[in-house]
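What follows is a single structure, written as structure tokens, with notes after it.
We call the chains A, B, C, D and E, going by the order they appear; numbering starts again at 1 in every chain.
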Amino acid sequence: MIPFLFFVAAAATLAGGLGVVLARNPVHSALFLVMTLVSVAVLFLIQDAELVAAVQVIVYASAIVVLFLFVIMLLGVDRQESMRDRIPYQRPAAIALGVILLAQLLWLAGHEWVTGQETASGVPIEGGGFGGNVERVARVLFTDYMWAFEITAVLLVIAVVGAVVLARRSGQKGEPVDDVDEAATEGVDA
Amino acid sequence: MDFPLLLAIIATPALGAVVVALLPADRPEIAKALGYVFTAATAGLCLYLLWHFQAGDARFQFVYDKPWIPGLGVRFTLGVDGISLFMVVVTGLLFPLGLLASEKYITHRVKAYVAWFLLLEMAIMGIFLTLDLIAFFIFWELLLVPMFFLILGWGSENRRYAAMKFFIYTGVGSALLLASTLVLGFLHQADTGVLTFDYRALAEWNGLTGTAEVLLFLGFMAAFAIKAPLFPFHTWLPDVHTEAPTAGSVVLAGVIIKMGAYGFVRFSFELFPQASVDLAPLLLVLAVIGILYGAIVAAMQTDLKRVIAYSSVAHMGFVILGIFSLTVIGIDGAVFTMVSHPLTTGALFLLVGMIYERLHTREIGEMGGMWNSVPVLTGLFIVAMFAGIGLPGFSGFIGEFLSLAGAFLYDRPYAIVATFGVIFAAVYMLWPFKRAFAGKASGAVAAMKDLSVRELVVVVPLLLASLFIGIYPKPVLDRIEPASERAVLNFERKTDYRSPEDSLDRRKTLREVERAEKAEAKRAAGEAAHGEGEK
Amino acid sequence: MNSRDILDYVGIIPLLPLFGAALLLIFGRRIGEPIAGWIATGLMFLAFLGSVVALFALLDLPSEARLQVNQIWEWVPAGSFSVPVGTQADPLSVTWLLLVTGVGLLIHLYSIGYMHGDPLYSRFFGYLNLFAASMLILVVADNLLLTFLGWEGVGLCSYLLISFWYQRNDAAVAGKKAFVTNRVGDVGFLLAMFLIIATYGSLEYTAMAPAAEIIGAGTATAIALLLMVGAMGKSAQIPLHLWLTDAMEGPTPVSALIHAATMVTAGVYLMCRAYPFLEVSSDASTVVMWVGAVTALLAGTVAVMQPDIKRALAYSTISQLGYMFLAVGIGGYVAAVFMVLCHAFYKGCLFLGAGSVIHGNGDNQDMRIMGRYRKLLPVTAFAMVIAWLSIAGIPPFSGFWAKDEILVEAYAHGDYGVWIVGTIAALVTAVYMTRLIFLTFYGNARFEGGEAFDAVPVVSGGSDEGDDAHDVAGEGHGYDPDDPFADTPTVVFGEPPRPSRLHGHLPHESPPLMLFPIVTLAILAAFAGLLNLPIGNLDFLHQFLEPVFHGVKETEISTTAELAVEGISITFAIVGVAIAILIYKGGLRAPDRDPVVDRLRPASTLMGNAYYWDAGVSAFVGGPGQKSASWLDRVFDTKIIDGAVNGTAWIFRWCSRTLSRVQDGFVRRYALGILLGAVAILLFVLLWAGR
Amino acid sequence: MTLAALEITPSYYLVLAAMLFTIGSVGVLTRRNVLVMFMCVELMLNAVNLSFVAFAKALDDITGQVIVFFVLVVAAAEVAVGLAIIVAIFRRRRHATADDLQALRG
Amino acid sequence: MIAAAVPIETPSVDLWAIAPIMALVATGVGIVLLRALLRRHAAVTPAAFGLSIVGLLVAAGLLVRQWNLVRDDGPLTSFAGLVRVDPFAVFLGIVVVAATLAGVLLSYSYLRREGLEAPEYFALILLSASGMLMMTTANDLIVVFMALEVLSIPLYVLAAFDRRRLRSQEAGLKYFVLGAFSSAVFLYGIALTYGATGTTSLTGIATFLSQNTLFEQGTLLMGLALLLVGLGFKVAAVPFHMWTPDVYQGAPTPVTAFMAAATKAAAFAAILRIVTTAFPQYRDDWRPIIWVLAALSMLVGAIAAMAQNDIKRTLAYSSIAHAGYILMGVYATTSRGREAALLYLLVYAFMAIGAFAVVMIAAPSPDDAKHSYDDYRGMALKRPILGGLLIFFVLAQAGVPLTSGFIGKLEIFGSVAQAGETRDYILLVIGVVSAVIAFAFYLRIAYTLVTAPDDEAALESAYSTTPRRVDGWTGLVLFAAAALTLVIGLVPGTFIHFARDAVFF
């Protein structure tokens, strides 16, 4: 069961990933992203990470992707993107680098990836009487990583303030400053 | 240590620079007056130093010592010996004259000019007085800044190129100097456990091995050879001289290019005796090439300032020749030339500056017949010229003669080839002189005014000084000699080099000096360790 | 005050003219004519008196003890050696002192008249005084280095005096050439001093004799030859004679003072001082001897061809100096000194006489348009005739005794080759001197308006008409910008004769102030032989100088042989004079037709052009020499050395531009950079790290 | 050996994560649309998350899962601010892609 | 049933340890609240400004207090070891707070001048600074990552803050995209490290590595490599530097100043801590990487700056080169190296802030857009003090003696020279040579400022801004920066001792 699930989810994950990269329409990319995210959530589930899987679906697949789609629609950029690349050698170089990077990462495949000490935090994934997955996560979250958890609060404040500052319609005086010759750069191959 | 005389010599111009910089810009006359006050005060201190300097003592005198940069054991150590003494004195005397020479030439941004000029003096004094390698480097590098702005702010047409070239070209040398200094200091620390950059302590340490010593020597040499300037690192000098304002040229030719030679004697010799001995032939060859090459190229110049600039290349060739003859005579001669060259070449640059102020050109082709219109200037030019050529009776000869004699003692071929430089010296001075001064005066040349009293006051003392120490060099040589003897003894003590000057009675003083040096180094090392501990 | 004390103060003698020089050069323009001239002359007179006092003080001492060294201060104490500023009074230096001050005094006196009206009058006397001071320092010095100071000082002064009329291009060039050529010799001098320092460490003259015995023949040869190179420069020996003829661009008193009487003899002085080395090294002596002999002969042959009176005299001087070198080379130091003295008198007389001729002749120096001046310049002619007979070696005039002593010694030494060359040179000397005198004073009158004089017998005395012309033509010898030939007063071989510059006036005799020195020198030239007659105990000079040349072997020669040699010399001299008189007694048929030159073609062209040595050197220096120097400057220095510097800067700028181009603004490009870096680091980590 | 018998070791997940990471990073380098580039960054973050969970499983240590939470929060914050920036730019200039913005260069 | 078998033990919380951070966060949040309460009241921006200064001063006071605490009693750890306050952290914290204070002071008049007044600006700066303090005290890779985000995200916003200028927005966007990209890489590095060691705690990693020998080092090394990539991006080391010139140029100048000075300190805190605390056993592996990064940064920064025509851009490249020098200190791995790096960070903060402050005031057009060399030509002649200060700061950055820049470089070079192997010497030579190359562009700035165009008319138009008054706050910053730069250059003793006391983790 598990190998089957894994391969299906893995295939979906990669397909989604490739879809994000290859789809010419941003909306399609976003939908492929959902596919990947949900597949990853499945992969979480089969690794006994129930809580994370749930959060992945709720926060990521729902909230974040919806945000993406919202912005795409708001800005009206749901158009086919030209696949021609303006930057010389960028695409072949990127693909070559990707291949090398993957090769480097996969070099490890023949070796042991995991070498660390087990249960460093003292809370294993199963057993040991620490309760269910949620409880275990909470246990570590509120003890060992309490400080990081508090930082997330700051981070969210920042996100709110930043988004407000940037997206606010006005508040800054004066006309736009023509510091860039827009005609020269705009619509080269829009 | 009652009165920190050496500190005062460095601090006076620095203080002057600060005071002048703080003045309002619309009162140039105050800036000028203060400039005279501070340069004159420094000159006075230098003369006081000269007066109280003990001749015949090979050790450093008036030593002043304070911790500076604790992390690196850098100390603000000042001291003066026979080699630096006269460089300090010449610097002290050259600066008021330089300012006086600028009186007419500098009409705009006087305040800034005076401030930079004073800062320049401070840097030069620092270079000649510090005994700590890092402190030396600090002043060495600091010097570039005022010089850069002096060229940039008050130079001629192509000043940007010249200023950049000066800063960056000599900067490359300094960079390697810094690297070598640090490596040396830490090698010393690794060996002895004491981190100090006091050069006396480092000189006393004998832990360098062959390759390391040679490489470090080359690192130091990069800085000194470029500054000196030794062939083939000389091409910055003509460019800078042509573009620099007169006073800048005077100081450049007079003092700044001596710093390279000074560095060799002071630092390379004592720190890397074996490498100095081993590489002396290389330096000698470059020096000999410089003597002949500088002279020949000088003769080909059409710009009067470039002629003198290239002649400086030749003269510095004599200095390096003397230094790397590794003989007392040679070093005596080299240091003596370092004292004398500022006087003669300084006078020449001043005179060329005065011509430039009148004709607004330095092109020899546009002169001709000045002997007719400005006889006094011409007369002084002749005197300065022959002093520069090395006519006996003037100081230049003594230095040249001793340098050559030293080189002859060391190894004859170098001296024999180099001696032919005296022919070219006559060619490169007399030929331009003929074209510029002889002949019929016409046009602008005919309308030239002769020297004013102020200009006489600027030039004549230099020539008189040159004449005086040319006829009676003993006071100067007596003060240089212990230091150069020390340098040669240093070689004999640390390497298997033996000076060819067998008839010297210096061997009997060998032990004496050795003992003194040991005590000195011990003290310096102790102080350094103490300095480390006290933070 | 005993004589030794007096001799300690011999150093004052050079100080007198030095003071004068300082005074005149600094305040000259305020002092002006004629006081400046008199100040200078007066100081020279005092110096002369001083020299006389020194002579008597010296004579007061026993002959073996006539040496007084006074080290006044330590001049260059450095390392293993120390050079003092000191004076050495001994017969040799006192001889030269007397010569320099005496002849110098006369020339000063002459100059007062000669330089009359020159705008730079006082500067001229300043230079003259400075020259005298340098020359005196040269001879009173007790060591080589101080001598070198004087040596260079006279070099400087010759430079200044030759290019005195600096507005003339040729004068300026000639001055430069003189100095530079002398510097070539100085290299030898300097190297000799270095070698001395390296071998025995003392530059003092008194140390020479003891040292010469211990340093070995090889070193002695080297020192002697190096010193000879120095002396060759100053004494214009072949091949360093180039400068002397060009030096005729200077005012004529200068030619007399520097290029005849004093400065050129400095080389001889130096060689005399260096006699211990020559004594040790026969090789060096041989070289010196042959240099002298060759110079004597070759310069003589060149002199025969010269159309210019001063150039002819200049080549004559070179030739005579060759004799002196020859004398030194064969060990006849006293003979050399004797020759120096006699030469100073007759050549001084000749030069001053020539100056007088030029002075009275509208500054024309071309002998081809002179002739028959005997009639117009009788006093000058009389003096110069005496000097002519003297230099030609006609007994009993001094030149005969001097030259004869040299030739006899050469013969006695067994150096027959040299003796033959010397004798032939004597013949040549007689020829060119006779030619000079006849072209100038006898023969036909070839000057402007001279036709009237042709009929008048030349021996019948002159007239006083010169006085009328004096006022006009005598004004000023300075530079006249309107004169097309003002730039080049000297006439070189092969040039067509110059147009007359008399401007309708006749040549005239010089004022008494100028004539007095000429006549005095002529008298001295006539009787100077008395100083050193090779008869019995009459060789005063020999006895006087004997102690200086301590240890020099006397050459013995039988009286018969001596008389035979003398006879041959006289014969040759008379033959030479006779030949020349035969050729030139009628003067020249036309100004550009010189019989000797015509008949001896093509050899005459070779000789007249001084064997093309000068031209060759000039062509080399001006051609390949200057070209390669220019290449060094324009190409090597600018393009290669500085090019490397600027090239480095250019490379960095290029790199900078390239880096800027890579930074093209595309955010994806930047991301690529990051990934590239990451991949590179990973590559490193995987392949090399963790080992 | 059937598929069911295959043991899915952590390496499988990690290889998958590596592939996903690579796909994401190549996407950032190739896509011109800023929004898509940003989605690619999300792919990369997901790959990392997958790795964390796989490591957690392999190490039997819950920490890896906890970290995923933090990554999620960070991703959310980044997205909020990032989209705000994009919106702000789009207000000024319609049709902007990453390529259009190269006023700053050199 | 509900009660857990194992009770949860909450970690001990030492409030002293996080007090400065809390002060900044509280002030930041306070400003946001203020904004919410006062809405568009005219006093809202001055109030926010005042509040942030107060907050910063409080934070500074708390840092001083911390300094005394940790120096007397040893490092404070808190939150189960996630926070570690040691002299090192406090030193860099002080640098950060000082730079932030300078940034805030500079911003006030700038914002008014440019019509950008918004209290959120100050909140964002303070929150970013709090992130930097978190970074300096972080003892866990996750905290490092979080801190990185806390400090970066406000910077993205601040860079894009001037919404009227497309360049500013472009800068924000580029910074953001690349920042997100690089933090993903960094995070992957954390993941791999976690997999290899089983922990994310720096001390935990070190302990694990010292107690175990890994047969398979691949994961760990790749994790380490990717960590370095992520941090290399933040410190702007070559080849991860390409965002720097664009962002520095486009961002509002006070933000640039703040970024250059403070971000660098924080990011280097992370690098130093990670490589020296967590991976001391692997120094032979990471040192060559740092070697290459340092060499490339110094050379590329110095060389690329030569061809620039914009002063802000030039200074950005210069900051890349400075990153290279500091990396040399990291490379040295000795306490001298750390000391040198710390001192350099301190010194660079003032030099950079000073230079950018002058640029901010001197910008010749009314908007913060024109910074080309032509715009600055002859400035020192027209405004001698301002121009002189810029020249001074630029020369200090060049490392001219008697300025702090020289002392910094000297200590850095010294630390490498001490290492004593051939490759160390090669790096040393690269360092000194790149310093000389850098002269070329620093001098070009100086040259531009002091050179008058040939005719007077051209001079009139060359640097033709309506003389902008230097307000008190800016003047204060300028004075302080100049004074410190000079004082450290002249008598560096105190500061060197300060840095030396701070090297201990």
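Methods note: a residue touches a chain if its C-beta (ideal position, glycine included) is under 8 Å from a C-beta of that chain, and two chains touch if they have at least 3 such contacts.
Source: prediction; values computed, not measured.
Within the contact network of the assembly, the step distance from subunit B to subunit D comes to 2. Contacts with subunit D and subunit E are shared by A, C. Of the two chain pairs examined here, A-D and B-E, the one linked by more C-beta pairs in contact is A-D.
Taking the mean of all protein Cα atoms as the centre, the chain whose own Cα mean lies nearest is B.
Subunit A and subunit C have centres, each the mean of its CA atoms, that are 100 Å apart. Spacing of subunit A relative to subunit E, judged by their CA centroids, is 28 angstrom. Inter-chain centre distance (subunit C to subunit E, centres taken as mean C-alpha positions): 79 Å.
If each chain is reduced to the centroid of its CA atoms, subunit B and subunit C end up 39 Å from each other.
Annotation for subunit D: residues 14, 21, 24-25, 28-32, 37-38, 54-55, 58-59, 61, 63, 70, 74, 77-78, 81, 84-86, 88, 92-93, 98-99, 101-106 touch two or more other chains.
Residues of subunit B in contact with two or more other chains: 168.
Among the residues of subunit E, those touching two or more other chains are numbered 142, 146, 149, 153, 156-157, 160, 163, 166-167, 170, 172-174, 177, 181, 185, 194-195, 198-199, 217-218, 222, 245-246, 307-308, 437, 440. Here the touching chains pair up as A-C, A-D, A-E, B-C, B-E, C-D, C-E, D-E. Contact residues of subunit A toward subunit E in the complex are 104-105, 107-108, 111-121, 128-131, 135, 139, 142-148, 151-152, 154-155, 157-159, 161-162, 164-166, 171-177, 179-180, 182. Residues of subunit E that touch subunit A in their complex: 4-6, 8-11, 13, 18, 25, 28-29, 32, 78-80, 82-83, 114-118, 120-121, 123-124, 127, 130-131, 134, 140, 142-143, 146-147, 149-150, 153-154, 156-157, 160-167, 170, 172, 194-199, 204, 208, 212, 214-220, 222, 367, 369.
Those residues of subunit C that touch subunit D in the shared complex are 660-661, 663-668, 671-672, 675. Taken together, the subunit D residues at the contact with subunit C in this complex read 25, 28-32, 37, 98-99, 101-106. Partner subunit C is touched in their complex by these residues of subunit A: 86-87, 90, 93-94, 97, 100-101, 104, 107.
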